[in-house]
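Next come the structures, one after another.
Common to both upcoming complexes is subunit A, partnered first by subunit B, then by subunit C.
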Partner chain A sequence: MATVKPRLYEESKEELISGSEAVGIACALADVDVITAYPIRPYDTVMQYVSRLKADGAFDFDFIIAESEHSQFEIVKHASAVGARTFSGSSGVGWFYAFEAITVTAGLRMPVVAMVGNRALDDPGAFGVEHNDAMAVRDLGWHLYWVATAQEALDMALMAWRIAEDPTVLLPFALSCDGSFLTHSQAIVQVPSQDQVDRFLPPYKRGTLQLHPDNPITIAPQVNEDWLMEIRRQTDEAMRRTSAVIRQAHEEFREIFGRGDPSPFIEEFMCEDAEIILVGMGTLAMPTRVAVRRLRAAGKKVGFLRIKFFRPFAAEEVQEALGDAKAVAVIDRDYSYGSPSGGGVLFHELRSTLYPLDKRPLMLNFIAGLGGREVTVDDINMMTETAQKAIDTGKIEQETTWVSVRE
Partner chain B sequence: MATRAVEVVYRGIFQRTLARNIVRQIVFAARKDGKIGTAFGRYSDSPERNGIPAKQFAVVADTALELEESLAVYEATMVDVTINVDDTMCKGLESWAWYGLQPINEVTKPGGTLIVTSRQSADALLEDIHQKKDPYNLSIIPSTVSFSGLWVFKDDHTDMRALGAMCKACPELVSIKAMLESVQEQTGNEAKVASVQRAFDRGTSRPVEPGEGNTETPFSFDMPGWKTMEEGLVIRAQKEGTGFRGGEGGYTPGRSETFKKWSTRSMRPVINFDTCIKCTLCWLQCPDTVFDITPDGLYDANMEACCGCGVCEAVCPVPDCITMVGEPEFNDNSSQYDAWTADKDGYNKWMTVLVEKQKSETRTHGFHHVGGYAEEIAASEEA
Partner chain C sequence: MATVQDLPQITGVKNIPVEEFYNSGHRTCQGCESALVMRLMIKAAGQRTIVLGSTGCMYVANTTYYSTPWVVPWMHTQLGSAGSAATGTAAGLASMMRKGKMTQEPINVIAFCGDGGGVDMGLSAISAALQHDEYNLLIICYDNESYANTDIQASGSTPWGANTTFSPTGKDIRIMNTKQKKNMAPMIATGHPNMRFVATACASYGLDFNNKVRRALTIGGPTFIHCIDPCPKGWDYDPKYSHELGMLAIETGLWIQYEITDGELILNGPSRAIAKGIRKRKPVEEYLMRQGRFAHFLPEDIKFFQDKVEETWEKWWIPGLIPITPGQDD
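Right, the complex of A and B next:
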């Protein structure tokens, strides 16, 4: 196990790095003990980066290249059980190949942190971003967060260990980073100092749940129907508890590092008094913010709500943010074939969230940017116009629209 | 609004580090000028394929807000400067994620600059570079193409010369002062700083008028929509071949009408039809069914199908019967067999000159490098 404390950043410093490199630096700053890896694009960029840190002697950790993604996630699960801070990750069908290990990680309450470099699922083989890969853990007890910038990738990786390893939570954390836009683009990132990180992130202590000769325990038994519901309810309760932990961590993060949105769960951009609010996740934020800014300048009451935590889903905050809008246009970088409106996963989550409101906004869904296709300012304008038309006529002609798809 | 963009066009894998050095250095230097920037590769080139044209970008803005505005478009549709680090790509670019041939200057904005590393003259390059309807500038960095083999970065200061030339062509993007300071800080290498300065001092550009250049219409095709595309991810096999060019005798294989990849090659085979022993090896080993069999049993390479891999040269048992020759020697994809049948003496004379010249060329097949760095740096300083 790693013994030498890395001192990569004595002082806070600007770096020109990709989102993946930002996560790699976070691994070093968090003094991760065990990293497992198996190459698949675009996640592999973080694997390459931590390899270099290790080769350069800048960051000491146990680096295990597994023979498959399944083993990769099994290994961090076990390492987490003995008290090691862990990091792993994958993309697309690689993530799916690890799925048995991924489900048990949450079931066993192992606070593994994983980066999902979002990638379209095969077939066809494609490297571009879609959100269906990471989305598959949404029901299993994993935290699920969508990052929009390289800076946020670094910041949220640090938050991830803090939240996941909280003794009242102990649930794994998937950090979703859009393939290409985040994993392969280099931006100026403010890297915090080691001292700042040490103040924010306490060591991982598993306490009486730690697998150790001095604490003889068995984990992962076989059970029957007399036991399972109570176990599920415990995980459910842990997922409910994590919201308060996230809030607390977020407050301290803002205090120590001096940056961060008002809310850890959502980002509201020009939502106040907005009649039309666009909703999306990840790097979609970039063109959407630009479009919204221009529409505002033209006098249109338009806003953008970015969902950051998909799990836990901050239903009350989202209700608050969207409740006064006349129309909500949800942009899904994913699909759910055969779903109620033939639309995306995020759309149905939002419609369900807004259902209890007395006054419900009109809801439209746009499937866009699949496989890494660019979502343009014109696309966003089209969505806004469609929503405006629904407001003007009081009815929705088509619930789900595929954007910029060749007919 | 002051946002400026640079694209670096390079040969995948072979010149990746070179391109990355250039775009990163631009962003570092811009930071010295108090600006903010981002550097990224075109993701659809990724994973890069050996030698296939690829792009990296640097985008620089005065403020973070302006940078975000410009990044609403992921791949710049207009750049202030295009830097091409292999002159054979002046013929156009085809990415591996195939969508036709793009002129090298396609996104160079009106009044912008195309910088090319080349030993060719501007006039020679403009025979390849497609015409534009707007004026722009062409700047040549006189140097041998920077290649050292797979993944190997040839530290011959091509990156530094490109940066110096870029500061000259577009001082609004990065000042030479900031660039020199930044290169010193990032590399700690005086010789590199000197290379930037020298390229800046010597940088000249030639205006290119609207309509000047290659008049060829770049190959393009319509991509099918979801209603017309066959379901089930099926790709049909190519149709069976025919007699030579559809006639009697010989053989022309079925080829895709839309999938071509000639811009991938930096060299092409030149064939001596008189010494060919008709052994079939080139035809058999070619991975791209490039060779047509002529009615008289010779092998004619189709230059719309050839990616320039050089297997034919490697397997040919006859000395100098197939020779890979640098692309700058050619301005079209016409048939060598036709040229030979039309005028055998003329063809053989042309071919002999090319083959002899090739022996003294530093560009070798497979993007290898011949000669020492020191000699090349000295030579380019004298140029």
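Right, the complex of A and C next:
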């Protein structure tokens, strides 16, 4: 007998919750069918939360405590193939332990939604945030989104299933949430009602791609050089198509839920007429906004651009936002040892995005906040001053600077 | 627990279903017994089945794009993921059926893996899958005793002394593979107290295997079958002897045919006759010397092997846990 779907939120209401709890509530509102868990800090708070919802009868789903992250992601991949809505997640080395499964999830076009509670890739042991874990999927066909607040975590989780499961997309979605700063910090979140969610999020339908005795297909046969390139190309085209799907979903989201930035891809904060624009992702938006507001009050033309979707990367919007700046200071909460100028991953993405412009801004890179070290307002001021100096002298003394690091 | 299909035991070769769900199109070697395992397995399970297959010969040689032999829904899974594939598929079906998102119906879920994928890499995932009493699933390990697809390398299930591309016989070292083959089915049976059915099988005894598959699929909960599969390429013999080698593996006592149902061990076929003293074990040399992979064996190696077989039969079965019943007379 089919059970009656428990309705967690009849009415939209405010809750004081952490980012992990916000994602957990989104799982319930989205009526996810299969969730797989394995313990690792800091992401696993979301699994503690959904297991509590299950225990209390507030949310009906198959909860599988896997014996490893590899199995965690293989299990949801296969559940997705038979048509189940799925959720999983990990952090740091756990995410890397699952990497084979994560890779094929995109290759097989399974719209799994995963929360990455960003964490340093120990050894040496460290729980704090770094972006290198989630960043590793950037080339594989995963949507990759960096969240800044608990509200955004809930909203984007709902968006994630809607976008990933779109029949013209069918690509997995990684929701990147800074460890501790987001996963564990509480904030007031407007939780939508079940009716609102039902209006926004249609059921997941795999159609002719569903693995079922009524539809006896063979999934992932051996293709070799005969067909692999065409299949890669199809994934590439799906990744291109998703931008329009994201825009459409974003518009409907704003209509139904009554909130959201103008753009789903980027957030511009005081960027208009700015000569120096800082660029970053995730929760470092908070100190950066504070610093920018103060600098503006002091008459400095400074702005902040937050990249939300790292994949797909909205190159044109970013060019538009940064094209008139004199200097761009990119803050990386990641590293890429041995890369050009030893810069971070975000920096290279930005430099490549701006290269086609006729007039290119000066570009500086700041590696900051690794392993969960706080990025402070003073740090942001230092970055702004360094950028100003580059503008004044027309010269960049040092392309990549490691911020507040013991020498 | 979800209901199971009505799959009665097959009472004789004449009653084996004629329908084939594993058809032409595969590209396995001539005489490949693993391919026969696939065919017999799905014949017994029938059309309302989802099959998940780990990387290995039964993926790479079997499932070429545009010429799949599978008539039933089939999906590849990663080398170490037979357990996770079965769990994920069963969980997805169960969840959606319970919530009314999919028509209620018992669908067989079978995941297979090779010895490399199951006895080595996927052991922990299989073990985890077999703890899920709430799902009906069957995991079949087809054991050709090497990483065959990658060119015959030694796995944890390769017999002691076998010549493989990672354990070649050299000028200095005759026996490179000094590991003893893992005792997979007993390890599974003893380690998972709630499992209701674990069996060993061999495609040379097709009906026995058919019926074991059916028992596994109808008893409820997670189940496991381990098959020994002669592999002409890896074992180095003329393909026409595959069946005979499978029989010899059992007649020499090297491979033991049994099933463990709710903790009770029952021997089948020649293994039962041997245990009851009706039949004598053939010397293991008869089996070894038919295969190129043991061609470098000296008399002392054959004796070592024979001694291990004696030890298996005389000293230990499945230590401590399972009462042995030789089985009923026919």
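To be clear about the criterion, the second predicted complex is superposed on the first by the 403 of 407 C-alpha atoms of A that agree within 3 Å, B and C clash if a C-alpha of one lies under 4 Å from a C-alpha of the other, contacts with A are read in each partner's own complex, and residues count from 1 in each chain.
One rule holds for everything that comes next: a residue touches a chain if its C-beta (ideal position, glycine included) is under 8 Å from a C-beta of that chain, and two chains touch if they have at least 3 such contacts.
Remember, predicted model here, so these are calculated numbers, not experimental data.
**Q** Using the superposition on subunit A, tell me whether subunit B and subunit C clash or fit.
**A** With subunit A as the common anchor, subunit B and subunit C both fit in the superposed model.
**Q** So, A:Gly57: does it touch subunit B (first), subunit C (second), both, or neither?
**A** Neither subunit B nor subunit C is touched by A:Gly57.
**Q** Of the partners subunit B and subunit C, which touch A:Gly394 in the superposed model: first, second, both, neither?
**A** In the superposition, A:Gly394 contacts neither subunit B nor subunit C.
**Q** Applying the document's definition of touch, where does A:Gly338 land relative to subunit B and subunit C: first, second, both, or neither?
**A** A:Gly338: touches no partner chain.
**Q** Between subunit B and subunit C, which one contacts more residues of subunit A in the superposed model?
**A** Counting residues of subunit A touched by each partner, the higher count goes to C.
**Q** Please indicate which partner A:Arg289 is in contact with in the superposed arrangement: first for subunit B, second for subunit C, both, or neither.
**A** Touch partner of A:Arg289: subunit B, not subunit C.
**Q** Mind working out whether A:Val377 is in touch with subunit B, subunit C, both or neither, as first, second, both or neither?
**A** A:Val377 contacts subunit B only, not subunit C.
**Q** Going by the contact rule set out at the top, does A:Arg406 touch subunit B (first), subunit C (second), both, or neither?
**A** Touch partner of A:Arg406: subunit B, not subunit C.
**Q** Report the closest approach of subunit B and subunit C over their C-alpha atoms in the superposed model, as a whole number of Å.
**A** Here the least C-alpha separation of subunit B and subunit C stands at 27 Å.
**Q** Help me check something: in the complex, which residues belonging to subunit C touch subunit A?
**A** Those in contact with subunit A are residues 47-50, 52, 59-60, 63-66, 68, 70-78, 80-81, 83-85, 87-89, 91-96, 98-102, 107, 124-125, 127-128, 132.
**Q** Going by the contact rule set out above, which residues of subunit A touch subunit C in the complex?
**A** 2-3, 5, 31, 33-34, 36, 60-62, 64, 66-68, 70-71, 74-84, 86, 100-101, 104, 203, 211-213, 215-223, 226-227
**Q** If we count contacts the way the header does, which residues on subunit B are in touch with subunit A in the complex?
**A** So the residues of subunit B touching subunit A come out as 24, 27-28, 31, 36-41, 43-44, 46-47, 68-69, 71-75, 223-227, 233.
**Q** Quick check on the complex: what are the subunit A residues that touch subunit B?
**A** Residues in contact with subunit B: 14, 16, 18, 41-42, 123-124, 127-128, 179-181, 184-188, 286-287, 289-291, 293, 372, 374, 376-377, 405-407.
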